[in-house]
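Take a look at these structures.
Presented sequentially are two complexes of chain A, the first with chain B as partner and the second with chain C.
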Partner chain A sequence: MAPGQQRYVVHVLIFTALFAALALSYDLVVGHVGSLSLAHPAFFGVGAYTAAILSTRAAWPFAADLAAAVVAAGLVAALAGVPLFRLVEHAFAVGTLGFALVAWIVATNWVEVTRGPLCITGIPKPVVGVPGGPALAIATLPAYYWLALAALGVVLVLYRLLTTFRLGRAFHAVRDNEVLAASAGIDPLRYRMLAFTIGGALAGGIGALYVHYLSVMCPEEMTVALTVNLLVIVFLGGVGTMRGVLVGAVLFTALPEVLRLAPTWRLVIYGALLLVIVVRSPEGLEGLVRRRASAR
Partner chain B sequence: MIADLLELLVHGLTLGSMYAMVAAGLALMLGVARLINFAHGEFFMLGAYVFWFAYRELDVPYPLAGLLAPAVMILFGMVYQRTVIRAILPHSWHVQLIATLATSIVLTNLAIIVFGTQPKEVPTALSSRILDIGGLRMAWQRVLVLAAALVIFWALHRFVTRTRAGRAMRAMSQNREACAVVGVDVQRVAMVAFAVSAALAAAAAALVSPLFNIFPDMGTGLTLKAFAAVVTGGFGYVNGAIAASFLIGVTESFAGSYVSYAYKDAFAFVIMIAVLLWRPQGLFGRRIGI
Partner chain C sequence: MALLEIRGLVKRFLGVTAVDAVDLTVERGELVSLIGPNGSGKTTLFNCVTGYLASDAGHVAFDGRTVTRAAPHRVARLGISRTFQQVSVFGRLTALENLLVFLQQHQEEDFFARLVRTRRVRRLEADAIARARTLLDLVGLGARADAPAGSLSYGQRKLLAFAAALMPDPELLLLDEPAAAVNPTMINQMKDHILGLHRQGKTVLLVEHNMDVVMDVSQRIVVLDHGQKIAEGTPDAIRRDPRVIEAYFGR
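And now, the complex of A and B:
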């Protein structure tokens, strides 16, 4: 491969890792406690802007602004969750979508902080290391690839821990039968809030990694289009399953690179694909594989 | 001063009329089919483009083009119910919501491909003629919007309460199974509900397009605001949704002028969240639907 081509492949791999991590954080809410939140771009955006602002204006080191992004996004998710979880089913979905829209309006118009449509530029490349010890600048594409992969690894471990043991069973109880869960002493609201907050915090952290990679943050990064992308990834692969979401992320980021489509056509195709998937096979590819396996 | 306030009120009521016609259709679909149609704003958008095509490209006179848009969209609503809605009705509400959201994305981006992102202007003779009542100045088009909205809501109310199809809709919003048992053709009533909803959205588009511009992604924000109205007014209660739409329109008009114009699109959701914190069932929420 020519060097340019090689760089391009690494770039696509970085995007795949980041989108997989973001989709997993989203699936914690959608797939495991069964709350169809459409607010994820807002938390992604809060983290992204926190990291962008702190690293450019206050010159915070990478580790500190990443931590701040996680905390800020988690805090916003927890605060937004209080009124939003008073809504059920459809109303919750609409409320969260409205919240995401308001977050985008704020990002576009609060020019003093976010610079609005002018975007925050010149976000430095991350430098990792212990204070006083050796520092490693993540300046090259392969280095960033390893960082993105490490982030995906962290999210994968967290996802596994949160969804398997006692906590995971409580999540699934809330998702599968809210009334029964409540009668067994599992407070649905508490577990939903927990998943929502952790999912939001993780999305914020990935937002920080994303802007450090691109070195620029614009309000367009947090529109409804991001929600559609996440829905496609999660429902294409298989909602509520780790393997399914990972497969969805790989297909989602690789497919458009192979097809080389204009963005408008891309959204038409994604929309149609999403429609066909949810109607024909609501459990996604993972469901198809499982049905095939159990039929054998 | 008083004239300024009245002018803002008229602007707010015009906005409210538009939101109410879209929200009433949403509430109707929600009541009859227990389904939230995320592509409803796209009914408005497509209706506006049908109107633009008839009025500007084919030179059909305004009243006729204005009637043509709802007529075409009634067909579209029926086709939509037959294809997409029938396919998703047996599934969970998650699937229904994602499927209609996907439809909305497809329609919006197809409109971008077909019509381009350049806004279309459709001024009528009425949108530039000004009515002056003792200092209160407004375009005649606004008078038309308000008058037409009154007639449309009166007709909708008569339809829902007096006609057989309307009564069937109210019955279905209370208990679908019982309706099917006593011989109501559930699919047909659902189709009528979708046709009426699409006609309402297209009528709104034909009325307000001469005041604003037409662009492909105008539907998305409108769907969300209409939902905010439906949720604020009491889930699936048509008259509540209409009242909440006017509340949102007037608030947007005043707050956009006195608080912040840049944030005017956020007020609908602020109202919704505030109302839900205070009354989770919505302003006029009650058990009986429509």
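And now, the complex of A and C:
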């Protein structure tokens, strides 16, 4: 492979890892407590802008702005969740969509803070390390690849811990039957808020990694298009399943690059694919695989 | 002191009084049935007691504690278990997991202890699994422990929901039509299970339309009609009560 091509492959892998992590954080809400939130770009954006602003204007070190991004996005999710979870089902979906739109409009128009359409530029490459110890600048593509992979690893571990055993069971009980869950002593709102807040916080962290990678943050990064991408990934692969979401993320980000699909056709193909999946196998590819396995 | 004490409970829906100043007490260890024609307010009363509906007036106390406007999950954690008329299980959880859900919130709800699975939580979980398997065997679902609850038959789901309500070893059990829409064999099974609970000293409040079951198992029967309590007494007394006969068959 020519050096340029190699760089391109690593770039695609970084995007795949970040998208997979973001989709997993989204699936905590959509797949595990069954709340169809469309607000995820807002939390991604809050984290991204927090990191972008703190690292450029306040010159915060990477670890600190990453932590601030996670906390800020989690806080916004928790605060937004209080009124939003007064809504149920379709109303909740529409409410979260409205929230995401408002967040995007604020990012576009609050020029003093976000610079609006001019974007925040010059976001430094991350430097990781312990205070007083050696510091490692994540300046090269491969170094960034390992950082993205580590972030994906952290999200995977958290996802696994949250969605299995007693926590996972409580989430799934709320998803399957809220009324019955309450009779089992589960406070449905508490668990919905928990998934929403943690999902939002993780999205914020990934937003921070994303802007440090691109070195620029624009309002377009947090439009409804991101929600559409996440929906495709999660529903294509298999909502509520770790393997399904990972497969969905790879199919969505890596495969079209490999197949060199033209961007215009890509969305058409994904739209059609999503329709086929939702009609034929509502549990995504994971559902297809499982049915094959149990039929054997 | 009565285990469950309901005083002057009122619930209205858009001007219709579904529960009209009902008094009802259930002593510890008692097996009481609540009967009445369709729409007489039995399920509404259950929903008011368990926090699913907010009553408009009246007072409900469980074991001396006021639960009048407590949320459903709080009522459940105090030790009142209930089943639903519309059979409900967690469809995508296995039969075993369905039971585990019903105990875990009574044991701990510490987020971090659960996330990192402390030794204590893992021990509680192991004990819960053992208890769940015993209960599944009791209702004859031992072999289906790992089947998704959604794949079970109607009758099996009904038994599963019943077993789930027993999982936290509740002080008081509210059963909403456990014998409805199941075959005669299962009706007898249910009857045996209910009597078994009674022998263990559990307190049971039963809503049921199947009169054979009600007459066979109850110590005391309370009759509702149009939201009002019209009679209360032993099965024999209720059978002969003219008000009850009128309510059921008309004049």
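FYI, the second predicted complex is superposed on the first by the 289 of 296 C-alpha atoms of A that agree within 3 Å, B and C clash if a C-alpha of one lies under 4 Å from a C-alpha of the other, contacts with A are read in each partner's own complex, and residues count from 1 in each chain.
Keep in mind that, in the parts below, contacts are C-beta pairs under 8 Å (C-beta built on N, C-alpha and C of every residue); 3 or more make two chains touch, one makes a residue touch a chain.
Every value quoted in this text rests on a predicted model; they were computed, and no experiment measured them.
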Partner chain(s) touched by A:136 [first = chain B, second = chain C, both, neither]: neither
Partner, of chain C and chain B, that touches more residues belonging to chain A: B
Which superposed partner A:113 touches (first chain B, second chain C, both, neither): neither
Touching partner for A:101 - first (chain B), second (chain C), both, neither: first
Touching partner for A:216 - first (chain B), second (chain C), both, neither: neither
Touching residues on chain B, where the partner in the complex is chain A: 30, 36, 84, 87-88, 91-95, 97-99, 101-106, 108-110, 112-113, 220-221, 224, 227-228, 231, 235, 262-263, 265-266, 268-270, 272-273, 276-277, 280
For the chain A and chain B complex, residues of the former touching the latter: 34, 36, 83-84, 86-87, 89-91, 93-95, 97-99, 101-102, 105-106, 108-109, 224, 228, 231, 235, 264-265, 267-268, 270-272, 274-275, 278-279, 282
Residues of chain A defined as touching chain C within the complex: 161-162, 165-167, 169-170, 172-173, 175-177, 179-188, 194
Residues of chain C that touch chain A when the two form their complex: 50-52, 71-73, 76-77, 81-82, 84, 88-93, 97, 100-102, 104-106, 111, 114-117, 121, 125, 164-165, 168
